[in-house]
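In the part that follows, the structures are each spelled out as structure tokens.
Both complexes below contain subunit A, partnered by subunit B and then by subunit C.
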Partner chain A sequence: MSKLLSPAKTEVLFMGNEAIARGALEAGLSVAAGYPGTPSSEVIENLASVAGQRNLYVEWSTNEKVAVEVAAAASFAGLRSMCVMKQNGVNVASDFLLHLTASGTRGGMVLVSCEDPGALSSVNEGESRYFARMLEIPLLEPANFQEAKDLTKWAFELSEKIHNIVMLRSVTRMSHASGNVICGSLTDKSRVARFVYDGPITDPLRGPVISTPVVAKHRLQQEKLEKAKKLFEESPFNKYFGPKKPQLLIITSSVCFLYSQEAVSSLGLQKRAGILKLGCTWPLPERLLKKYLRLTDKIMIVEEVLPFMEESVKVLAAGMPKEIGLKTFYGKIDKTLPAVGELNPDIICAALSKVMKVKCKSIPAAYVKGLQKAAALIPPRDQTFCPGCPHRASFWSINTALKRDGREGFVCGDIGCYAMAALTPAIGFHTVRTLHSMGSGTGLACGFAKLGAFGFDKPVLSVCGDSTFYHAVIPALINAQHNRADITFVVLDNAGTAMTGFQPHPGLTTSAMGEAVPAVDIAQICAAIGAKVAISDPFDLDGTSKLLNSFMEQSGSLNVLILRQICALSPEKKGKKKFEMRVDEALCLGEDCGCNRLCTRIFRCPALTWDRTKKKAVVDEVICAGCGVCSSICPQKAIMKTEVIS
Partner chain B sequence: MKHCVSNAKLHSKVYRGGKEEATLHAPGRQQSYRVIRRGADNAPGIRRAGVANKGRRRKVAWYKEPMNIIITGVGGQGNVMASRVLAGMLVDAGYFVTIGETFGMSQRGGSVMSHLRVSSRCALSPQIPQGRADIIVALEPVEAIRVLSKYGNPAVTVLSNSRVVYPIGVITGDFNYPSLDKIKAIFDKLTVRNWLINATSVAVEMGNPVLSNIVMIGALAKMNLLPIDRRAFEKEITKNMPADKRRINFAAFDAGAKMV
Partner chain C sequence: MVKGLSSQKLLKNNVLEENLCTGCGACVGLCPYQVIYHDRTVQLHYCDLTEGKCYAFCPRTPTDFAKLRELLFDVNDLTPEIGAVKAYYLTRATDVSLRDVAQHGGTVTALMELALAEGLIDSAIVSFRNQEFLQNGSMAKDKKTIRKNAGSKFTVSPTIAAFNQLVNQEAGKVGVVATPCQVLALAKMKAQSQKDESGKINQLQLVIGLYCGWALSMEKFSQMLAKYNIKLDAIKRMDIPAGKNILELYTEAGVKEISFDEAQACIREACRYCIDSTAEYADVSVGAARFSGNAEEQRRWNQLIVRTQKGRYLIELAVKRGVLEIREAPAESLQELKKAAAEKKKAALKNIMRKSGSAKNLLYLDRRDAVVQAILEQSR
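Take a look at the complex of A and B:
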């Protein structure tokens, strides 16, 4: 039996995302939709794994906007639904969300946004909490694993009480961390989908679901928010821990609560500092805040990343000076805490020790010196493409073609593992010169390609992965064709949403729930748009680079090259070597070759290493994936491949 | 007032016990060893009152409150799996376990790290404060030093695999990789006890280098620093792995136990 379906009252170790999924199941969820994105993906994956047993419909949608729309339809039909995404996804979905929050919802609907402070697996650390304020919807933030489950369940109830979507925000250190959770009971009540629309236009529960009349619906939306605020005043998810008369009040939410708690105790400040942990962070419960702000004149607000709560608390405080008195606020605005990157217990310790004038405990200086000496001896370990990664081969060919072309062309990059091609240590050859949001590489390439009238004459390429193609690239591609943007577009098709863990996408024949579904073919879409399309195996370095050159030479058309090779970490490929690789020491000329160690300095596969004593290249068989690509880059043909017969 | 916030005490109907007047827990402050678990002296089994797996808890002497363990290595070495297996055993033994992890893009050839925090009192933050690791388990030797340099303290124990995975910067020749002798000397100087074992070679002999992580778990169990043993491991593996994969994991565990 799946751990996710553990019986009530059992205690299990849940990842934050599993706890969120369990909470939704306990709430009687019917429909869930999302788009993969670290750290959010496991919520949908877990729900999909029990879809059959729990009579759910779970899908990976083409993008986050579609996911919210799919989930909203279920809510309109009276079911409980959830949409799940990482922080950037909320940006993508925001246009629909802005209208949805005006029309309101019916069955409980929850938007889960898992964010990435510190950008541990992102190219931004943007916040979606500000969307809750802009969309005028309630925002909930779990502060531990049990709450991740309990608060998710409550979010559905809240949504049904106010008839609007509720946002639940998690962060990487919650979503991808694990902790003990005691399960509640799974509901067996099943709902029937029924969409009622023949009431009057002004009746949001029986009429058509629309955002007009706008002012009336907007007023109603604000009344819903007021109702949520009242419920927040009494919510057990907002709780104070500490002395009756603290010298300092810490207001915190999410995983920062655990950090604050740890910092307070490690400084021995339990009798001097109190912690107000808020699970309901927008709109702030005013009466509750008033009660605790009165306790002391020193207030510290601990949150990630931007001063969202801090601003809200200050606005509230400004409105009640007589009741609460003058306050000194410590947080991000006065720079007590950094407003970039993620927090941790150490950062909060340092801030607290400054504010409370106490010393952090320290380790003996001699020992610390020893640690520093040891740290100086170790090499950094930079991210790189995995052994056997098709992207290394693809970018090798792109680089070869650009060099042969000789016009200083470049690549506009996109979001996926292949974004690493923009990082210096990943590969020793750089071609990616822009990197922004999903699909933006091709849009930018369109723009560059239209700069000819202003003296711009470099060839422009754009790349994207297969999942990104469906998510956001198609409009840019149509734009390129229609507006005659002369670009070469390369699809790095590795047969799955690889970076987030091989979730299926519209190009594959299996759905999130494991059902057979029709694949939507990238080549056919590109051809229908009017592009010239070619397909190649990126492991064929020579063929691929020649195709690219012929494309770059053709002006006046949109050219698409699809490079197909399955990700080396995919379940189909992992642990299965196609070739046994070895370096023939007699043929490898080492530093004397004149190739500047193309294999180990430029190609940079972790499995192709350098024997410092023999001064020759050597294959690390434990980590080699056996893709065989390196054999075609050696000018001496010293890297030998032998096909593995299975 | 309650300062120690065990998750469920707050919001779930399940009573998890604990004295009402208990003050904020002190992670890392308790340097005294052999602290008796609170659940044991207050009211036996109180944490489990009303919980279905009540009574499964074994009486084990606890060594330090909390215990901070870091499992580190290179992406793809089975770091996450090792931390899950270990945490599963500890949750089963009745402890609060918090695992802090990052995975996703960070695993692509980079250093990876799981923070495991074991407490008999409450859920702790998923990040161990600097200088507060009690045990470091490294699937790659240089990663042991990387973690040590940030989380080490004079009382730390290190268990490291000796199989090297060269970083790209070393392969290109931009950086040097310290010799295993040098690494061992660093361990000897900066840890209270340490082991440098060739878990990967044992795993390769067994047919799959990825078993290195289980070899390391076997060695860790043998060290007797944590309330885990072969029986707990069997139970955990049986729960989470298909039958055909169990035997090789048991063998890897046993091989590890023989190495310390």
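Take a look at the complex of A and C:
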């Protein structure tokens, strides 16, 4: 049995995302939809794994906007539903969300946004908490693993009480860390999907679900928010820890609560500083805040990333000067804490020691020295593509084609593992020159291609992965064709949403729940748009680069090259080597003129290592994926490949 | 040499970006970093070596010409205008069918065929043209392949790249048909091999140089052809007939005459800085005959300079075997050639000075070199 279905009252070690999934199950969830994105993906994956047992419908949607729409339909039909995404996904979904929050929901509906402060696995550290304010919906933030489950469950109840979507925000250190959770009971679901639409338009629960009449519905939406605020005043998820008369009040939420607790105790400030931990962070419960703001005149707000709560607290405080008195606020606005990156107990200790004028127990000098010495021993490790990764071969050919073309063309990048070609330029052979949101590479390429009248004369390529293609590239591609943007668009098709862990996408024949589904063919879509389409194996460097050059030399058409090769880490491929590789040392030129370590210095597959003593390249057969590509770049034909007969 | 810069970077700064690259292919095929695409030399990846062959072999990097002349020729044969001259003739292949397919007298093809047949060489590196009109070097081991590739090409061919890539031990003794820049690259390679006896350059046994005034830039030439709606692959043969200031393009549809001014505009920029029109560092150099008289008659003959002992042996053998007809060239013909070659040198030096912006900076050439000095004297 999946631990996700553990019986009530058992204590289970859950990853934050598992706790969120369990909370949804305890709430009687029926439908969940999402689009993969770190650190959110495990919520949908876990729910999908028990879909059969719990009679759920779980899907990986084409993109986050569609995911919210799919989940909203379930809510409209009276079921409990959830949509899950990373912070960037909320941006994608925001158009629909702005309408949904105006029309309201029926069955409990929760939007889970798992965010990535510090952008550990993102290209921005965007804050979706501001969406809660803009969408005028309640925001909940769990501060530990138990709360991750409990708050999720409560979010459904809250949503059903106010008839609007509730946002639950997690962060990487919550979603991807693990802690003990005491399970509640899994309710038996008996709800039947029924969409009632024949009432009057002004009746949000019986009429058509629509955001008009706008002003009336907007007023109603704000009343819902007021109702949520009242519930927040009494919520056990907002709790004060500390002395009755603290000198400093720390207001915090999410994992910053744990960091703050650690900082207070390591500085020995337990008797001087109190912590107000908020689980309900928008709208702020006014009376509760008033009660604790009175305790002291020094207030510090600790949160990731932007001063979202800090601003809200200050606005509240500004409205009640007589009741609470003058305050000094410490946080991001006065730069006591950084408004970028992740926080940690050390950062908070440093801030607290400044504010409370206590000495931060400094780390012994010998330790720091030892640490530096040890760090110097660590060999530098680049961010790079895996051994056997098709992207390395693809960018190799793209570079060859661009250099041969000679017009200083470039690639507009997109989101996926291949984004690393932009983040660490050397691994993309310095070809990728822009990187933004999903699908934006092709849109940007369209724009560059239309700058000819202003003196722009470079060929423009864009790349995207297969999952990204479905997610957001198709409109840009249609734009290119319709507006005659001569671009060469390359699909790096590695048969899965590889970066986030091989979640299925519309190009595959298995759904999130393991059912057989029809695949939607990329080549056919591109051909239908009117593009010239070619398909190549990126491991065929010569053929691929020739195709690219012929595409770049043709003007007046939209060209699409689909580079098909399964991800080296794909379960389908992993561990199965096509070739055994080895270096013939007698042939290897090493650092000499004629090679100068092309394979280990430029191609840089991690499976190719440099023997400093022998001054020869060596294949690390433990990590070599056996793709064989390196044998075709070696000028000496010193990297030998032998086909593995299985 | 600028300290710290890699050979590849120097090549980029001083040759490629200065438009001095002749497209000879000397830096290609030595390593994976440089390739030829169309007629351009392209650097694919960065190499940080400081004593690279690419820079050392390039005919447009500084060269110790005096040392090369000393190494390859009898100093008594040297002339400032056309290099070493042991003998000077008008020649043509005895085989009429060869003359029909070759550019002029078919001398080059006849000599290469002979060298192969007599075992003077085992393989020949010649240039060929593919369907897209792109030049490439190829290795020929028999008469048929050589004959297929006969004829002047007028665009650059990375012949030395082919030498670098194709010559292996099985190639045995190698002969190369090459333009002046390519011949110079081979000479520089030979001079380098004094240090490294294992290099494949030691397989090089015969260099037949081709006279060359300039080559066309593929890009400019294609643009010009597009104007006349001529497809590159439709061109069967090209020629600059003596006495007429035109470039002839032979196509199925007939002969298209391009005015010299228009053709000149398509010349590869690098050719304007070249001081060698007679392939001075070859064993034998061959060009179109220029003598007074019937133009059609001229078209059927070559002029030939014997420069080395090896060259003399080959020509004597060719006469002995009856593959080559030889005429003593009229005295004024050699004078005319020298005059034309000197003019080319003067023009190139002028262009170089204009490019560098200084009479002192001769880019890849050196003011102190005897030939450069002599030409500068003549210019005064």
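Convention: the second predicted complex is superposed on the first by the 638 of 646 C-alpha atoms of A that agree within 3 Å, B and C clash if a C-alpha of one lies under 4 Å from a C-alpha of the other, contacts with A are read in each partner's own complex, and residues count from 1 in each chain.
In this text, contacts are C-beta pairs under 8 Å (C-beta built on N, C-alpha and C of every residue); 3 or more make two chains touch, one makes a residue touch a chain.
Because the structure is a prediction, the values reported are computed rather than measured.
Trainee: In the overlaid three-chain picture, which partner chain does A:633 touch, first (subunit B) or second (subunit C), both, or neither?
Mentor: After superposition on chain A, A:633 lies in contact with subunit C alone.
Trainee: More residues of subunit A are touched by which chain, subunit B or subunit C?
Mentor: Here the partner covering more residues of subunit A is B.
Trainee: If you stack the two complexes on chain A, which partner ends up touching A:429: first (subunit B), second (subunit C), both, or neither?
Mentor: second
Trainee: Once chain A of both complexes is superposed, is A:65 in touch with subunit B (first), subunit C (second), both, or neither?
Mentor: Neither partner.
Trainee: Which partner does A:406 contact after superposing on A: first (subunit B), second (subunit C), both, neither?
Mentor: second
Trainee: Given the touch rule stated above, what does A:106 touch, subunit B (first), subunit C (second), both, or neither?
Mentor: Touch partners of A:106: none, neither subunit B nor subunit C.
Trainee: Touching A:596, do we find subunit B (first), subunit C (second), both, or neither?
Mentor: It touches subunit C, and subunit B stays clear.
Trainee: Between subunit B (first) and subunit C (second), which, if any, makes contact with A:471: first, second, both or neither?
Mentor: In the superposition, A:471 contacts neither subunit B nor subunit C.
Trainee: Counting contacts the way the document defines them, which residues of subunit A are shared by the two interfaces, the one with subunit B and the one with subunit C?
Mentor: none
Trainee: If we count contacts the way the header does, which residues on subunit A are in touch with subunit B in the complex?
Mentor: Touching subunit B from subunit A are residues 7-13, 38-39, 120-122, 144-147, 150, 172-174, 176-182, 184, 236-237, 239, 241-243, 255, 257-259, 261-262, 264-266, 268, 270, 277, 344-346, 349, 363-364, 367, 370-372, 374-375, 377-386, 417, 420, 425-426, 428, 499-500, 569, 575, 597, 600-601, 604, 606, 608-610, 620, 622-623.
Trainee: Sort out for me which residues of subunit C touch subunit A in the complex.
Mentor: 30-33, 35, 37, 40, 42-49, 51-53
Trainee: Which residues of subunit B touch subunit A in their complex?
Mentor: 1-3, 5, 7-8, 10-12, 14, 16, 23-29, 48, 50-53, 74-76, 84, 87-88, 91, 96-106, 108-111, 123-127, 129-131, 142-143, 145-146, 148-150, 152-154, 163, 165-173, 175-178, 182, 186, 189-190, 200, 204, 208-210
Trainee: Which residues of subunit A touch subunit C once you look at their complex with the stated criterion?
Mentor: Within the complex, subunit A touches subunit C at residues 399-400, 403-406, 429, 549, 591, 593-596, 598, 602, 633, 635.
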